[in-house]
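Going in written order, the chains are labelled A, B, C, D and E, and every chain counts its residues from 1.
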């Protein structure tokens, strides 16, 4: 793709998921991962998905990325049906998915190299900037297997952020990180998001994290995955995860989650 | 250094065993020549230059045939792995053809190329190509799909994914396939040098063959040793660095 | 006691005695068995090249074999005369130099710069071809010279000759006939008295069962005589034997044509072998020859 | 079904192309026989039973040799991968020997086994063993160390780890190596049937050889087709189920 | 190992780590992962390790398991130096480390099969029991790649618990799980621990989780990894992660962590 078609092909980053149902065929029969899930994400919105293990969050993210096709229903990005993955919808996977044949720097450069319109020097600088952001300047040229679990996740984060995509799909990006590194990254992520007007869909198991980061928190229930409830978070930014307001929201959402689980268990 | 010593000790031991077998005359000395006579033969052809010249001739053919096989086989292997129709056609063909002995290709080679280097190359390439295709195909099909997915969301497509993701991700397989391909190339070339006579060069295969034709076992064994040595060197030069790199990067094996 | 005799031969018309012998064994009226007595069984091993047969002799996996004179000579010299003996002659002639039938080549001088194929480097025909070329004043080397001598497998010779990729072939029956019949070749030169096949024995076997060797040789001589007296019947037997062994019908025309160029005889002399040695030495194929005195000896 | 049709269509197309080449007489019909004559030949030997009997003879030898090679090669490959000393000795030897043409083993086979099925087996095993060893070794060395660590903390040791962890973890490699080993076994057997004369059976290699000796190209091509077909069938029967299972279990490829 | 030697070789499950220092050789030079770390874990104690990403927690666990050898210092279990892994010290890895060639049930059975003294039927029952415990009875025969991230982690948990080892080494075992599944498993884990008198060393980034589960919480600081401080948690059991007491402890520990990070950053 040339730069020209590239620019022209960049429509709004609005995401529209309409009545999406997804089955997986396995040797033990069909598994239904999602059931008539509908979700609209406005351009520049930060939406957090929360829900129990196995409720189809990752599957939904995969479909937005264009890695899986919905069984029924439609997924649109910027008004166009999503047919294939695109660099504009960058995915950060639940497993780090780093390339073991490249070092940390090489992994970040991989995503940058696919972005046109940059000189090599700029790419190098951007890669270094993001590796520094996640605190890995000393591990720039480490092999992937030499990194600790949290370090791998941070490299994956740098790789996803570096090319500055219009849509960021993040699947539990901070799960392996300690609270302090996490807090620092909350700040960085919010800054990047407001400055660049990125659309973010963010999966997490940490309700506070969801409240701290999201404009909206969407609750899922499992077997099959369904959307149960949505919460608008109207706190001002930047938010502090340890603030009382965030804690208040979180308590409410957690209660809702529990309710759904208890009542929805039989469904 | 220690590894080198172990290996050397082992080979010295083998030669000692051989010498002992020779001295005890278990078998006809024509079939089991003495280590000395083999050494003498190697020394002679080393001195008169024919060892060197035939090694060069053979290596040229081998390297040319092998690299043609590799250059054609890698992309074809990728294609067969990714394109359903190709897998059902070319892939099937490769499966069937890889088992054919080299001698099957000789008549075709002579028909198309006459008694030229081309014919020789053809036989070697036919002996190598299919196995490289199959090894690459297996490698690509065993790539962790997560890598491909990750690359695709980063905007990598088509040839770019093949070169920057599938190739390195399947490299452990491909190196293994390349090693086997190398063995196939050797064996095919030896067959080719036996079956296709040409005047553009007298290779190790010819020496081996004529050694057998003349019941000169010290020549046969001598050339076998040369082949063995070249095989080891080739591994050290061609494949070991790759493997070391892979093991370091992927963290497999200490 | 029971004893098994393991005999090698080539499924080839130049090994007619072997072919008939093995065929008669297969058909349960063994020529040799009848003459060696009920305690002897014979196993016939088909080989496709002299060196393989000699290898089997060295390895002790066969006892006697029909083979060409050059491989036998080679094996004798290689083993310092310790492992092999010639028992009798078997066939003469059958080798020829074939050129295209279009009359392009009529003089020996015209061979300059041409491509001449022989069956195998250093085999009987290869040595003969090189010796003849040398006689004509040409220089040949392994990889060039005035005439390009190309050792090429017999079937490949035929196709390359048909395609015009080689200009002349020095080979042996049945290929001479096939070149004539199938590729429009013309015989330019024939050596009717050259030794083509002999019967040899391993020294080990000779020592262990001298009586059996004598009996077998006698049976072989008898068969050779029968062959010359009943050519039609013999040809039919050979054809049947070859067809059975190779699982493929032999063309009667080729057998007949090849037969006419061959002479079956149990006579062979040390002189003939010495001539071979001289020839081979002349073209540089034999370096350290030894005296051939023991070649026909019944002693170790 | 669709796959089968594609494959069939492809092969029919190949045969049509061949027929066309034959009809246009690009090359002498002796060298390029017509599909009809090849078909007729195959039909004949199918009728008189010799196709069946030689296939059985050859397959018996092949399967025996191949499985011996496999049964010896797998554990040896494991050992060379895990034991340093063995890697420097046996591993080195395997590397050198895998490139040797089968004909090199014939004299040794005759010496040790005489002209028996044993000699034939020996040549096939020597042609297969080394490559199986090397493929297994590579496979084992590329196993993700995490699996081995996990197994060890669960109390798995020694042989148990080899059988229940390293073997399945390196199975993708090993299957690929087994396929290559199969091809080596075929080629070695064809060479063995030409070079080792025995009385206990007339195999496809003999048919191929005599076809070539008599310049009967329809026989050569016919037997090549049979070999091709057997290769494909073997893949379907021996390897495909493995591969399917692997791909399903590991989730590689859809 | 026969059952007899097995029983005889089962000493006390006391762990003694004495001045352990660990370096890794990498292509970029030496990386020091741990520096003179000493830690005693009494038999039946539940110790939680907390610390920033890359401070050597996983490395320490590996050494206790016998998978890595210390560069200096010694690691002893039950008074014997640790030389090799043993079934009695079961490890649950940070990455799920499930065997992809087995299904979920097969993975759990793998660890059970190595445990002597059980009949096949008992093994089967135990495996089913633990898979049910982690809520995967419906996914017993699913292939590993068909499971969601959290499901994989639960299979790994079942695999580690099933053979009832004397020492459990758990590396962020709940990182990929939602709060509710997690809370249920806190209860289960505490029950198993008290009933069976297992020694547990548990790595987590969640300070509350550490307080809720541990008898002691050990703080690490990175570059190189050192033990900074230890907290005894003396709350009665079973503890509720949402209780005020747990929150109180957690706040204190989090503050200590921050202090160490800020002051220790230059070290």
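Operating definition for what follows: contacts are C-beta pairs under 8 Å (C-beta built on N, C-alpha and C of every residue); 3 or more make two chains touch, one makes a residue touch a chain.
Just so it is clear, the model here is predicted, and its values are computed rather than measured.
Colleague: Among the remaining chains, which ones contact both chain B and chain D?
Modeller: Chains that touch both chain B and chain D, as defined above, are C.
Colleague: Across all chain pairs, which one has the most C-beta contacts?
Modeller: Counting C-beta pairs in contact for each chain pair, the top pair is B-D.
Colleague: Averaging only over C-alpha atoms, locate the centres of chain C and chain E and give their separation in whole Å.
Modeller: 81
Colleague: Need the CA-centroid distance for the pair chain B / chain E, whole Å please.
Modeller: 49
Colleague: When the centre of a chain is set as the mean of its C-alpha atoms, what distance in Å lies between chain A and chain E?
Modeller: A distance of 28 Å separates the two centres.
Colleague: Quick one: which residues in chain D touch 2 or more of the other chains?
Modeller: 31, 107, 110-111, 194, 212, 246, 248, 250-251
Colleague: For chain E, what residues touch not just one other chain but two or more?
Modeller: Chain E, residues with two or more chain partners: 27, 95, 143, 146.
Colleague: Residues of chain C that touch two or more other chains: which are they?
Modeller: Within chain C, the residues that touch at least two other chains are 55, 59-60, 155, 159, 163.
Colleague: Please list, in label order, each pair of chains that touches.
Modeller: Here the touching pairs of chains are A-B, A-E, B-C, B-D, C-D, D-E.
Colleague: Which of the residues in chain C end up touching chain D in this complex?
Modeller: Touch list, chain C to chain D: 6, 8, 11, 43-48, 52, 55-56, 59-62, 154-155, 158-159, 162-163, 178, 182, 246-248.
Colleague: Taking the touch rule as given, give the residues of chain D at its contact with chain C in the complex, in rising order.
Modeller: 28, 30-31, 45, 50, 106-107, 110-111, 114-115, 194-195, 197-199, 202, 206-207, 209-216, 219
Colleague: Could you pull out which chain B residues touch chain D in their complex?
Modeller: 3, 6-7, 10, 27, 31-32, 84-85, 88-89, 92-93, 95-104, 107, 111, 130-131, 134-135, 138-139, 141-145, 172-173, 175-177, 179-180, 182-184, 186-187, 190-191, 194, 205, 208, 212, 217, 220, 224, 227-232, 235, 243, 246-247, 250-253
Colleague: Considering the complex alone, what residue numbers of chain B touch chain A?
Modeller: Against chain A, the touching part of chain B is residues 146-147, 149-156, 160, 164-165, 168-169, 171, 246, 248-251.
Colleague: Would you tell me which residues of chain A are touching chain B in their complex?
Modeller: 62, 65-67, 84-87, 89-91, 93, 95, 97, 99-103, 110-111, 114-115, 143-146, 159, 163, 169
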